[in-house]
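Next come two complexes, and both contain subunit A; in the first it sits with subunit B, in the second with subunit C.
After this line comes the complex of A and B, so read on.
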């Protein structure tokens, strides 16, 4: 009994440093300018300024950035799913020369982050005149070592007999991948897709390297520029912008949290 | 038209080609390219410049700032990773109990992980701000003098460490929880029936059984922490006076601010070698 209350007490205490920042972000985003700097913190805005969100939204071409983020994230995740499915299909259901080596070549890519390769990749893309294009934002991420690994594990768990039965029914090759392997691996596919969406929606580093033009900039870059400009006074607008940049991922997380947490529990992959 | 047998044999290679092509172009080729760039004097645009041997490395090793940046990166990694992992393990132990409502905590503690680093940076800049920041207000109300969080050299890096811990702890917690939930219940129950005290049980049974999980988290956390860049670029630009400059930021600065692309390539390669070396050591120590 005492242990139980103690556990709850510690967990609740831990929520204070964890959730207070979120609360402070939300409250600040609704404050009129004169309520931002007060001698004692004002825990609720006296006169909620809802138009802060409109002001922040129009302070930079955020609509454009939002569109770019959506397109880039969607294309990256779609490409990753297609390429990873094909590669995982080959690695899990075929016997061929070099299978082990190819598997390790793919997995080893996990220890080479873009934070190491960015200068070389920047040079390559500049060489082909691809800076400031969607292609530059997407191409390096078109394949996912991690997705390939996860899907391979899921596909390998599908029993051999099922494959034989499917073949007797005339379902083989890519039809087997599409009609049997992928539906049976739905939890893994979904978990990987969610994690990839969050990772690429939030990505700040790579878009910073290959874009310097509002036509292709993504939301994190737009918010980063906003930080650079507003950092002295307009915290309310900056917090409002931070909220609408984060909101899609927070909503996705809260509605899909079962899949996020389950996928973490199963695989420990990054969100 | 190829005969069907050859077609069938070629199929797995065909399916693997797109993935291998992307990894070759954007992961493996760049490592060779970095090596080449670090030995030449490349300029922005298309020219790779003349071969200049090891002079970029010589210059780098002779630059005291490089050693300082290297030290600060290692400090950041070896402070933030153990702190976050210890907190994560503590939380995971609390959450791995048959108690009501724990799934709510699990979700809440995970929330910072899905936040964009840019939004976290914006929020932290406001909370730790010297002018009106709420963190200083709490300190004052506890009778503690305000801390020059991001303004003073000795405080800036610890502040970034604190923020990184806040962002990552939920992620490690979930993996630890997964590890805990996969432990053999029979062993833990037997120890409890034998009357082993909770602390004894933790150190002699739970922790050793968790070693694969600890290994996995350590690897992921080390790789992730060496990449630290976003908070530095958004919050301190490496300052004050380089106190928060770290390897990725230093490479970025050299490449894109000073246009020293060869130098930047050398820094990236050194960091890669360092990460590989440390991973090797960790694997040796933890994965026997």
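After this line comes the complex of A and C, so read on.
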């Protein structure tokens, strides 16, 4: 009993610093301007200002940003899954010259910080006149070394006898990938997809570099535009916007947490 | 002449410089249960995989009902295989495991369903159809793996050590079941194993394979009674074949074989013996007659260890530093037995050439 209470105490102690920023974000988003900077912390808004959300939503073209973020994230993740599963299929189930070297090059690519590639990618896209397009946001991320590596490991764990059985059942090549390898690697695929969705939904740096026009800007850029755009920052509006920017990810985790934790345990990924 | 269901004509396979299979020639009749027996690494699984089309043939040709198989992809060979680890699709129910191959081969949903129901009834696995493989016991998984092969109604079954992952108790039951099923369905079966009991119990005919070469082909009891060479004799002996050097004497038209554990007499000298004066002598543990009632001064062997197996007892005895393993009925062994004598009359003796190990004679000692 005591041990149990003690372990709860530890969990609560850990949760408070984790949840406090979220709480503060939610509370601030509802405060009228004069309640934001007070001498003593105000834990609940005295006069909840619900129209902060409407003001924030219209302050910038957030509907457009939402659409852009959704399209860009969906296409990136879809491309990554397609390319990573095909590459992983080749690397795990076919014998060919240079297979090991290619695999190690992909592993080595994991070591390179993504920022290192920014200048080269920017210049390439500029050269093709693709800045300020969806292509600029998507193309550099279409292939994922991380995803390829994860799926290769998952595919390699599928026993050869299963492949033999599938071949006798008339299921070889891409049909084997689709009907056997991918369903069997579902935990890995899901885990990778979730990590990728979160990473690209939240990505700020790259969209900031390759977009300067609202038609293609994404949500994090929209949030950034609140700050320092005028003389003072409307913190309450910024927090309201932050809520609806992060809401989809919170919902995603809320509904997928069971798979997410399972997958992480199974694959040993850390997000 | 009838066309054999399966024929290997000069089939060979190498990995680099290593010959896995060397000039395999074999004919399997329609409806026959044929067992390929051999130690691990003898090439027997390679034979199956080549027949299934999972591995290319380097030399020679395999014919299924007189149709050459090279160039025919696995799914078009009309062959079904049962794998050692069952190789059931873990993410599919039993039903879908059986339906998958049928559907991929273009059978309609209704026909597939009818066939699955019929096969499930045959195997008594109807209650398992909606389960997934990990919810089944080893024996049940094995039965589903058989079902997946049967439902396809192929021209040939290939079975790759399908019993080796089962508990001893389940194994004997499934073994009987496989034999009965095969009889009932009458489908030609090529079965691979390293277990001599499986080979002897299941096979209509069997082949013993070693180092990529066939050592002997024939009905199981013929192979057991008259092994073609030392290798076959030792492979079909449990736990091991007792081998001795022997000298041959010819007395009054009979032949005497003298060994470290006794002298064996064959009244009718086997013709294959020729003029040999020295041979290798093999006796299986169950083919040696012994007595525990020893007379004073009679030659005997010291018992080093008795291993009770239930109805039989394995006696490990010793004579001049040589081990002899003998299987004795348990009730014939007195308590605290310390010595035993070999009774030459009634022992089954196999004689092999000293140099190449080829069998020259098998006889029951008189």
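Just so we're on the same page, the second predicted complex is superposed on the first by the 255 of 271 C-alpha atoms of A that agree within 3 Å, B and C clash if a C-alpha of one lies under 4 Å from a C-alpha of the other, contacts with A are read in each partner's own complex, and residues count from 1 in each chain.
Definition applied: a residue touches a chain if its C-beta (ideal position, glycine included) is under 8 Å from a C-beta of that chain, and two chains touch if they have at least 3 such contacts.
In this text the structure is predicted, and so the values were computed from the model without any measurement.
Three-chain overlay on subunit A, with subunit B and subunit C fitting side by side and no clash.
In the superposition on chain A, A:164 makes contact with subunit C only, not with subunit B.
By the document's definition of touching, of the two partners only subunit B reaches A:126; subunit C does not. Partner contacting the larger number of subunit A residues, of subunit B and subunit C: B. After overlaying the two complexes on the shared chain, residue contacts for A:256 are found with neither subunit B nor subunit C.
Once the two complexes are overlaid on the shared chain, A:190 sits clear of subunit B and of subunit C alike.
Of the two partner chains, subunit C is the only one touched by A:172; subunit B is not.
Residue contacts after overlaying the shared chain place A:26 against neither subunit B nor subunit C. Shared-chain residue A:116: touches subunit B; no touch with subunit C. Closest contact between subunit B and subunit C, by C-alpha atoms in the overlaid model: 11 Å. Under the contact criterion defined above, no residue of subunit A touches both subunit B in one complex and subunit C in the other. Those residues of subunit B whose C-beta lies close enough to touch subunit A in the complex are 9, 11-13, 15-16, 18-23, 25-31, 33-34, 37, 42, 44-46, 91, 94-95, 97, 99, 102-103, 105-119, 121-127, 129, 131-132, 134, 137, 166, 171, 174-175, 177-178, 181, 216-217, 220, 223-224, 226-227, 229-230, 233-234, 248, 251-252, 255-256, 261, 264-265, 268-269, 271-272, 275-276, 279. Every residue of subunit A that touches subunit C in the complex is listed here, in rising order: 159, 161-162, 164-172, 175, 179-180, 183-184, 186. For subunit A in complex with subunit B, the residues that touch the partner chain are 4, 7-8, 10-11, 14-15, 17-19, 21-22, 24-25, 28, 36-38, 40-41, 82-84, 86-87, 89-91, 94, 96, 99, 102, 105-106, 109-113, 115-124, 126-127, 139-140, 142-143, 145, 148, 173, 198, 201-202, 204-205, 208-209, 219-220, 223-224, 226-227, 231, 235, 238-239, 241-243, 245-246, 249-250, 252-254, 257, 260-261, 264-266, 268, 270-271.
Those residues of subunit C lying in contact with subunit A across their complex are 49, 52-54, 73-75, 79-81, 83-85, 87-91, 100-101, 104-105, 148.
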